[in-house]
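In the two assemblies presented below, chain A is common to both, partnered first by chain B and then by chain C.
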Partner chain A sequence: MKVTDLVVAASIVALALLLSYAMFLGGIGPVPVRSELRTLALNYILLTYNPAKIIYSALAPEGVTAIVWDYRGLDTYFETAVMFLAIISVVALTHGCKVRIGLGKGGMSLIVKTTTRILMPLIVLAGVSITMHGWLTPGGGFQGGATIAVATVLALVTYSIDTLAKHGIRKKILLAMRSTGLIGIALTAVALLIIGLAVGVNAYIFQNQERIGSPLAFPAYFSGTPTGGSLLFYNLFEAFAVSAGLSLAIIVTSLREEEVKETLRGEGVE
Partner chain B sequence: MSESIIPYLLTVVFVSFVINLVIALYGIFARPTLVKKIIALTIFSDSLNSLAIFVGYRVVSGRVPAPPVVVNYTNPQGPAQLAKVAVDPLPQALVLTAIVIGLAVTLFMVKVTMQVYRVYGTTSVRKLERIEHGNRGEEDEGVVE
Partner chain C sequence: MIEMIWETVCSVAGLILVAIGAFCDIAAAIGINRFPNFFVRLHAATVGAIGGAVVPAFGAGLIALGSPELGNYRFFVAGVSFTTGLMIMILGQAGAHALARATLKAKAAPLEPCVHNALRRREEVRGE
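So, the complex of A and B:
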């Protein structure tokens, strides 16, 4: 590291501290320190689990998941769509590339491989646990899915892309899993609408509990524990889709030079 | 002492995020290498996410603020008790999706950069521009002939 780098870093830190002190002393007027909740946040917290006001409630104790999949469900659906668009673009960039068995040298040493074999089920279990408690404790489908994808990354680094392909973790299967997750989310979003059409009562898209003018609701309790109604299904499908999608994107990103260059030259494409 | 230092520390956090954003913007615009642009972009988005979480923060006198989870949900007064100590859940919900989308978009950018390197042998935008100019020059000559 050069001396100039240190000087630059130190001066930036000094700037931050001095600027904060100037602001703290009232350089740009009094700095507001918020000690009260905003009204919007207060409403979310008071209504996220409120059996007395069920038509405004998601019946899920975890406020963040309730906002993500109930109050702002449509928003999250399109955000998920953006994510999958990015993953599809990654896959499209390597269209035609194939994993050729026997190119790799067989991965890392025996110690690392054994440790990975012990760790991988635990990582997947942690991911499933984060997903399945998403409406009770901080967590949910996104976080659980991303955790499960870590297991794939670990396997990819420790073993090789060959081994993953041999064990059935292939592009097509991951794409199918990802699509299944997305279709599951879409079906959960319109499930009550379809039931409402069949029975002949009103229902809304992304409806979870009873709303004004619609008596339909997802079951909110399982043996006395809140399930958050539709949040359970959203979290499950989201974890499924995110884990498969991220694994797919990472596998495609770590294709070997030989395989990709063949396709770039136009040799690998059938 | 501890009561008066909290606003100062919160201001330091706020100013640090803003300075981080500025440095990241410098990285995005001034560094020629695509890899460094991606790194600066992730720093930018992470700073912005942290800033959003900071906006939802509140000071609760005498204790650490609680996450927006109704732990005591069997008690009808549980949500009201939580509202006295909890932070704002909305920025957290927005940041949650932003992080996952950010990861996917970063993967896409990394992939594009890898392909650019494979085709052109460089990730510097200045060199890429020169190569592109050279190609265009050859094409123009072709038209003249």
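So, the complex of A and C:
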């Protein structure tokens, strides 16, 4: 070991110790210590799953999903729409570009391909599991969908974009799946409102359980297990939309130079 | 009584696996620092990935099975540990292989000093 290596190592250790000492002395200012929860946080914790106060509750044990899709569902819907718009923009940029089968060299080695073939179903299964437990344990539609999209990315890197196209994973299909997911989310958001209008009962947008002035509610239990009411549908549709959307974005950005140039020449751009 | 023996066996076996994992990690760290080129350093990294991650993951699963204080959650912890270990075992070798193959084909790292190169021999047999 050289002397310079020792000096570098000693400097790093000295810096870490000095920073720690400065923080210990209050060098970064006073650190606020709160022994009590804020009222807002306390309310979420007490009401997220509270069968005794259903009109304030989402009846889902997982607080984050309850907040994201019930208490502030409208906000999440617009976030999802923004992501959809971003994907639409990427697709619009490569409008008209098609995958030319036979352009690539057929992907990686047999060992990597076999490993991918074993792992892909496991990844999809993990994604479905994360989605289907979203209202019970940490996770949910976005996380599950993103996990499922990893399987597409893996297949794309290992086998090449040609293989995906041959197996029917194309832009149009993914875009249709993504749109179906979004429409599903929108329909779930207004489902109780439509039922309310049909039967002449008051209801709200993004209503999950009974609320003040509205007796309508999504079923909160399935054979004794909490379903989170509307959260189940939101998670499923979100997973559908996100898995298709992210896969689409990855496929579109993986188009090869020749495929893009061919389209640009067709449009008269050199 | 049998349960107690089973739990003790699981815990001790798990702790031994974790200890083996710690040794493999240290060996891998030394190897990565001391080995002369990319390909042998990759070999050391694989020792860290398999011996230093898969083995202790299995060990953690066994320790969970031998911990009755976790209640039914010990089966969840053990299941996740074994699955994670298995996945790293499948992925680690494939990742190392892909890296080594790509580096060799692209000639991105010096090959010397080289003790044995199976791929070169195969290319010679093929007459490439």
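In this text, the second predicted complex is superposed on the first by the 236 of 270 C-alpha atoms of A that agree within 3 Å, B and C clash if a C-alpha of one lies under 4 Å from a C-alpha of the other, contacts with A are read in each partner's own complex, and residues count from 1 in each chain.
Just so we're on the same page, contacts are C-beta pairs under 8 Å (C-beta built on N, C-alpha and C of every residue); 3 or more make two chains touch, one makes a residue touch a chain.
What you see is a predicted model, and the numbers here were worked out from it, not measured in a lab.
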(message) Once chain A of both complexes is superposed, is A:108 in touch with chain B (first), chain C (second), both, or neither?
(response) second
(message) Just to be sure I read the superposition right, which of the two partners does A:242 touch: chain B = first, chain C = second, or both, or neither?
(response) first
(request) Count the residues of chain A touched by chain B and by chain C, then name the partner with the higher count. (result) B
(message) Quick check for you: in the superposed arrangement, does A:11 touch first (chain B), second (chain C), both or neither?
(response) neither
(request) Quick one: classify A:45 as touching chain B (first), chain C (second), both or neither. (result) first
(message) Going by the contact rule set out above, which residues of chain A touch chain B in the complex?
(response) 12, 15-17, 19-21, 23-24, 31, 33-38, 40-42, 44-50, 52, 61-64, 67-68, 72, 76, 79-80, 82-84, 86-87, 89-90, 93-94, 136-138, 140, 142-143, 146, 226, 242, 245-246, 249-250, 252-253, 257, 260-261, 264
(request) Going by the contact rule at the top, pick out the chain B residues touching chain A in the complex. (result) 6-8, 10-12, 14-16, 19, 23, 56-61, 67-71, 73, 76, 78-80, 82-83, 86-90, 92-93, 96-101, 103-105, 107-108, 110-112, 114-115, 118-119
(request) Over in the complex, which chain A residues touch chain C? Could you list them? (result) 108-109, 111-112, 115-116, 118-119, 122
(request) Could you pull out which chain C residues touch chain A in their complex? (result) 87, 90-91, 93-94, 97-98, 101
